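These are the structures, in structure tokens.
Note that chain A is present in both complexes that follow, paired respectively with chain B and with chain C.
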Partner chain A sequence: MTFLFDLVAQGAQMLLALALSPLLIGLIRKLKARLLRRKGPPIIQPWRDLIRLLRKEVVLADNASWLYRSAPYLIFAMTWVAASLVPTFATGLMFSWSADLIAIIALLGSARFFLALAGMDIGTSFGGIGSSREAMFGSLAEPATIMIVFTVSFVAGTTQLSEIAAYMAGNLELRASVGMALVGLLIVAIAENGRVPVDNPATHLELTMVHEAMVLEYSGRYLALIELASALKLLLYVSLIACVFFPVGLARHDARLEAMAIGLGAYLLKLAIGGFLLALFETSTAKMRVFRVPDFLGAGLMLGLLATLLVFVTRSL
Partner chain B sequence: MNFASKQTAARPSQPTCLPWPRELVDEGGWLALAASLAKGERELLSLWGESSSVHMAMLEPREPRLRIVTLECPEGAFPSVGGVHPPASRLERAIHDLYGLRPEGASDARRWLDHGRWGLRHPCSAPEKIESTCDPYAFLPTEGEPLHQIPVGPVHAGIIEPGHFRFSANGETVVRLEERLGFVHKGIDQLMCGASIERAARIAARVSGDSTVAYSLAFAQAVEAAFDVDVPPRAIYLRALMAELERLANHFGDIGAICNDAAFALMQAQCNLVRERILREAASAFGHRLMMDRITPGGTTVDLKQENAAALLAMVEWIELMTPRLIALFGDTTSLQDRTVGTGFVSEALARQYACGGYVGRASGRTFDARKAIGYAPYPRLTFEVGASKEGDVDARVWVRFDEVKASLQIVRQILDDAPEGPIIAAWAPPDDWTREGAALVEGFRGDIFVWLRIRADGVVQRCHLRDPSWFQWPLLEAAIKDNIVADFPLCNKSFNCSYSGHDL
Partner chain C sequence: MPLYLALTCISALLAVGVYAIVDRRNPDISRNVYRLCIALCSILFLAAAMPRGANVLSTTLPFGLPWLGMHFRIDVLSAFFLAVVNLGGAAASAYAIGYGAHEKEPMRVLPFYPAFLAGMNMVVLADDAFSFLVAWEFMSLASWALVLTHHHDAENRRAGFVYLLMASFGGFALLMAFGVLGGIEGAYDFASIRESTKEGWKTGLVLALALVGMGSKAGLAPLHIWLPLAHPAAPSHVSALMSGVMTKVAIYGFIRVVFDLLGPPAFWWSIEPLTFGAASALIGVLFATIQSDLKKLLAYSTIENIGVIFIALGLALAFKANGLALPAALAFTAALFHVFNHSLFKSLLFFGAGAVLGGSGERNIERLGGLIHSMPKTAFLFLGGCVAISALPPLNGFVSEWMVFQAILLSPSLPQWTVKLLVPAVGVALALSAALGAGCYIRAYGVAFLGRPRSDSARTAKDPDRWSIGAMAALLTLCLLAGLLPSLVIDTISPAARDFVGGRMPTQAELSWLSIAPVAESRSSYNGLLVFIFILFSAYSARWVIHKFGSTRSRRAPAWDCGYIETSPTTQYTGSSFAQPIRRTLGVIAFSVKERLDMPAPGDIRAARLNVEIKDRIFDYLYAPLTRAVETCASSLNILSLLTIQEYLALVFAALVFLLVLVAI
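Moving on to the complex of A and B:
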């Protein structure tokens, strides 16, 4: 019975992540538009775009290889699995027992690897530029993420995200190391999701693109899958930050349905707050130069490293 | 010239250009002038061709006077100016493409506007039919192990005009940028040829849509100079009003667009509010958002009503309130300053060599402004400050735009206060006597627009040359982006905001 319940909870969280991720993008776009005194498209617009893209014919370059055609499926699958490992409204995800936080990072890293390969596959210069920039950012963002993971893992005593979340929810207290890890993770999240000031998701300038440059040649259902994957990635990071650092209202996996409902409400509220803060931040800052991004990510890496050291030092005392 | 002198004026043997006479020179004189341009004694304003002659307009040093010279070239060749003075190079290539006149000793013999797709060679003078294909184009070579090329355009990811940019980059650093333009060639020279003055005025207004007022004004001034038409004082003021409104709208649009290219959309949202209000007030006052075809040789086609003047004054007060806030938003956003300061530097020497006008020249220490230097009416009667900077970067080009906004607001206020009452158009018709020539230099929002035209005795335009300020700004963009990173190109490009349409003719 518990097994069945856990399976339903896991499935519900996976579908919830899938359904909500384009809406989060829509919400951020709407909020940004309102902050710029525009009306903006409805929040549901990203879903409409995805459905439109799915119906459209795929236009492929003549020299596209099998890799180019299979990369969108791989990227989507990896990102979705990674997203389903992050607790949204309840802990104790079934998949958690088979994969921990490090697996999430590995999945995202693999997705990035395939996207970068696909960007270079056709041989257009923009894809190459995007891939090289992405590789540069990734080589700094991933170590920073690992450091942050170490910090929270040492604090909670496990690398399993569900348990970390459960531990954080049960031991609400202020820790300097966790604070540093939070700031570090925010920096990484902005870079990883290609948001301002690292990349501009709304740009039409091919020379400044990072993520958009890699997917410039994609169309139809391939583009839909990649767009959905990047929406899932953003939701993943917001969920990750919410469940590790703000686990208020997070339901236990064996909780009753009412607690689950409260958890769901709290989760939606957290997503909305996350989206609002991101929109506010993006509106108030300009994009930085490409070569300033390593400094920015370097700060994230240093924060992660310091947080880990701090945990060690406080432990040994 | 008053009425009496007009009566006694004999038919000139050679059509003389007004207000600046055109002189014939021989090859020696031509080369001497080219050498003086190269030495920086004079500044090149334009170079243009006809079926068997080439003309050159220059700015004389330290006096508000243009010098226009002509070299007959019955052999179909002329000594190249571009060989000794690089700013002339693209103009000469355009002359070769359109009129088939060969610049001898030119440093660059490649075609410029002609991409081989017209089905004709030199369409403006003795055209030859050819197979319509796409000519190969040899981009300048860059050599070295780590260099790679990035072709951008002519179709871009955004909705902008078409132009091709070939970057040679070492990783992210631009080693060389080469532009290839001509994709929006419309055959303006050909359309002008044989058009009536009214039709020619409409064509001139459509050379570059964002500068439609400036082009109309330049064309009208050239026609009025050629026929010695006295424009009513009210029309002169109304024209200046329209020109300043156009300048304001474009500068606000540009400032916003530059910031948006650094992903700072907030500034664009605010600037577009201002721009939109200007365009709406223009539409209600003059009946067209961009004020297209409102200026005509002899005056203006619409008058400003009392209530519209009041609305414009209210708008000026509102913009005067908004501008300091926009300046603060631009200057105090450190992330934005980090992008603009030091990016896309143009040296003063280069700006002077290319006689680059507008905000590009002014941001690099060349403070030429046709409103002050030529001093066409009504500007000598108005007080305003022309902005200047010597920094030469993207930031300076934004600050110069802010300075110009302040100047334009000053001017609009004075015009609204001082504009005299009276008729708005002079009653005149082209007299059916002899061929006339006129020239004008007018300050558009990008810089000085030069117009030279010749009108036959039957009132038909024989040749009209319109030189956009972008001719001398595009080459500087190539210099500005050198040693910057590829990702900073959109920012540099937007800070120049050169016209494709005005350049490609």
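Moving on to the complex of A and C:
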């Protein structure tokens, strides 16, 4: 019976992540529009777009290979698996131990690997430009993330995300290192999800685009999968920040249904707050030049390293 | 029994080399030689896997120095490396049955190839300094001869020269190291070295010499400069052996000397491997990212991976010195796991590069492109190798890197401040090199295999024969298995960790669901199999849902490219344009890049040019002054060759007096 319940909880988390991620995008778009005193599309709009895309015919470029056609499924699957391993409303779910935080980051790395390859498959210069920049951003953002993971794991003594969340929930105190890690992770999250000021998710046909340049040739169901994957990735980062740094209200996997419901409510609230802050941040900054991004990410990397060193020093005193 | 079997096989390999010379007129000679090599390597692999009743087997053969003989021994570490060497050897031989058939001058390969294999096997089994050095030099010389296979090319001759120079330098360092270890009494067998007492200065000296000697063969920066020249110069199956296997033999030598012969370590031993390992990882991957020669790129990436292995070994030393058995076992197991993994995927990638070279005649990725259409099988297998080496789950490269990260995460328990502050810096280097490595392989694969063909040879390239494809497929399968079932590999390595660092990881096979947990399940765990199943499940369920409820229609049309009309394939992103962001952001520090735009004046009709000048600082600031110094010394000592007979006699007398005084003191 417990087994069945655990399985249901894990499955619920998977479906929850899938269902909520386009809504988060919709919420951010709506809030951004409202901040600019526009009315904006309804929050459900991204889902409508996805369903419309799924029904459309795919137009493949003449020389698209099997890699191009299978990449969207792989990217979607890897991101989805990664997103469902991050605790949302409860910790310690059935399969939460099958990959720790490092493995989750690496899974996103795999998705990036295939996305960048897919961008180069057609052989257009836009695809190449996107992949090349994505590779550069990735090679700075990933080490920054790993350093942040180090900090958090040193503090909590584990790399299991559920255990980290449980530890953080049990030891609510202010730590300089954790604060630095939070700022670092925010920087990484903005860059990894291609948000302003690193990339602009709302534009096509701009020489500075990164993510959009890679997926330029995709259409129909393939495009839908990739859009869904990037929505899942945004949700993943928001959930990650929420569960590590603000683990309020998280239920344990063996908790009763009420606790789960409270956890779910808290999670939805956190998502809304995260979305609001992101929208606020995006409307108040301008996009930066591509070659300024390494400095931006370098700051994240340095913050991660400093935080790690700080933990080392304070730990042993 | 396994030891005698192994020694018989090694002599048989030497005999195969002789047979290749004797029977050189036979048109089937190449095929026969490689077939024999497969058989012998497989037997050697089985000998390594065979149960050894008394864990350690040794024997003494009446060759070599009269008072010493030749000692051979097989223990858990030798057995592991014997398996790695012969797995790589068997795969390379199978690949070569097809690939070697096109060799223009087979006599420049066939006699040396089995000898090279025999040399590597002998190094791993040697149990005294004399046989170790003989085997080591034999391996070096055989591989040098193989590097010079295509000696008509001036570049290859230079590669051979640099390789010979560095190999003799490294061999010299090893000679000194064993000299210091053996002492004046000349107790050169490893058993007596192990038992002898070592003073502080001795261990420091031996450690430095071993790092130089083994490091120069493994390609540890800054002794790596020969590697990107020599590895690509050899025929591809030999490149695979040199990169995938010979560097591992050097790692074996380092472990044998530092973890075994030198006795219990002090914490400062770890500093050198950690620093040089981190430097190699970064230098290797940065240079790999800007190469346009596919084989050179792979060679630089070997330097990166050797750096990762040395980092893990350094961590193991630090933990071992402080008596932390479990973390030491974790780091040591991670190092050996990465040795195994790298031998698999680097061989696979070199085979792939060889297939590309054989199929299209090109090594330069800037003239390739679109190979996924013309060489579909190679493209698939090479992609697998790229994913594995980029440390991406669920393949095997990720598992060993993950274990190194876990070992780093245990480092706050180290008491010494030096190591404690060094380890996070090494961690950044490791994370950076892993991420850059993924970017490097996106570039290599994307430019060479994807997109549109940039030349006719890329358009008309063909997949290689069945043997070559089979060898690559076998290696990819092993990569996948090692990634999905890492617990099997870890449990195989564990006995070696027990013997060499005094601890072992918990038995992984006992964990549920075949997952791995290096310390405890609440601390960290990873399950490659489950992650793989989840990915497959999610991908297929998404496909099923879309095909059921959405659309399955698709139509081919010209690429959109924001509305630009079809342009020539030269407008694609090239390898150097792909590397440009990395070159700009990290290039100034790493390789002193100078970019200069040569823009013609208005009205001038000459084309504008962008000149990119890339320099290797290590070569400019370390090797160039060194060669200049050697040259100055040599020319100033030149007068010694023009002395009269009286002066020579006086010189000899003075030297004699000096030596006698030295002995007297």
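Keep this in mind: the second predicted complex is superposed on the first by the 316 of 317 C-alpha atoms of A that agree within 3 Å, B and C clash if a C-alpha of one lies under 4 Å from a C-alpha of the other, contacts with A are read in each partner's own complex, and residues count from 1 in each chain.
In this text, contacts are C-beta pairs under 8 Å (C-beta built on N, C-alpha and C of every residue); 3 or more make two chains touch, one makes a residue touch a chain.
Every value quoted in this text rests on a predicted model; they were computed, and no experiment measured them.
Visitor: Touch check for A:Thr283: first (chain B), second (chain C), both, or neither?
Guide: The answer is first: A:Thr283 touches chain B but not chain C.
Visitor: Quick one: classify A:Ser131 as touching chain B (first), chain C (second), both or neither.
Guide: In the superposition, A:Ser131 touches chain C alone.
Visitor: Does the superposition put A:Met120 against chain B (first), chain C (second), both, or neither?
Guide: After superposition on chain A, A:Met120 lies in contact with chain C alone.
Visitor: On the A-aligned overlay, A:Leu216 touches which partner chain: chain B = first, chain C = second, or both, or neither?
Guide: Both partners, chain B and chain C.
Visitor: Let me test your reading of the model: by the given contact rule, A:Phe291 touches which partner, first (chain B), second (chain C), both or neither?
Guide: both
Visitor: After superposition on the shared chain, which partner residues are touched by A:Ala77: those of chain B (first), chain C (second), both, or neither?
Guide: second
Visitor: By the touch definition at the top of the document, which applies to A:Ala242: first (chain B), second (chain C), both, or neither?
Guide: Neither partner.
Visitor: Now for A:Leu60: first (chain B), second (chain C), both, or neither, which partner does it touch?
Guide: second
Visitor: First (chain B), second (chain C), both or neither: which does A:Leu305 touch?
Guide: So A:Leu305 only meets chain C here.
Visitor: Which chain A residues contact chain B in one complex and chain C in the other?
Guide: Touching chain B and chain C on chain A: residues 125-126, 129, 132, 204-205, 216, 290-291.
Visitor: Which residues of chain A touch chain C in the complex?
Guide: 54-67, 73-74, 76-78, 80-81, 95, 97-100, 102-103, 106-107, 109-110, 112-113, 116-117, 119-129, 131-133, 135-136, 138-143, 146-147, 150, 153-154, 157-160, 163, 204-205, 216-217, 220-221, 224-225, 290-291, 294, 301, 305, 308-309, 311-312, 315-316
Visitor: What residues of chain B sit close enough to touch chain A in their complex?
Guide: Contact set of chain B toward chain A: 148-152, 156-159, 171-172, 259, 261-266, 268-269, 273, 333, 335-336, 338-339, 485-490.
Visitor: Mind listing the chain C positions that touch chain A in their complex?
Guide: Against chain A, the touching part of chain C is residues 369-370, 372-373, 376, 383, 387, 390-393, 398, 402, 405-406, 408-409, 412, 420-421, 424-425, 427-428, 431-432, 434-436, 438-439, 441-443, 445-447, 450-452, 513, 515, 521-527, 530-531, 534-539, 542-543, 546, 549-551, 553-562, 564, 569, 571-573, 577-582, 584-585.
Visitor: Help me check something: in the complex, which residues belonging to chain A touch chain B?
Guide: Where chain A meets chain B, its residues are 32, 35-38, 125-126, 129, 132, 196-197, 200, 202-208, 216, 282-292.
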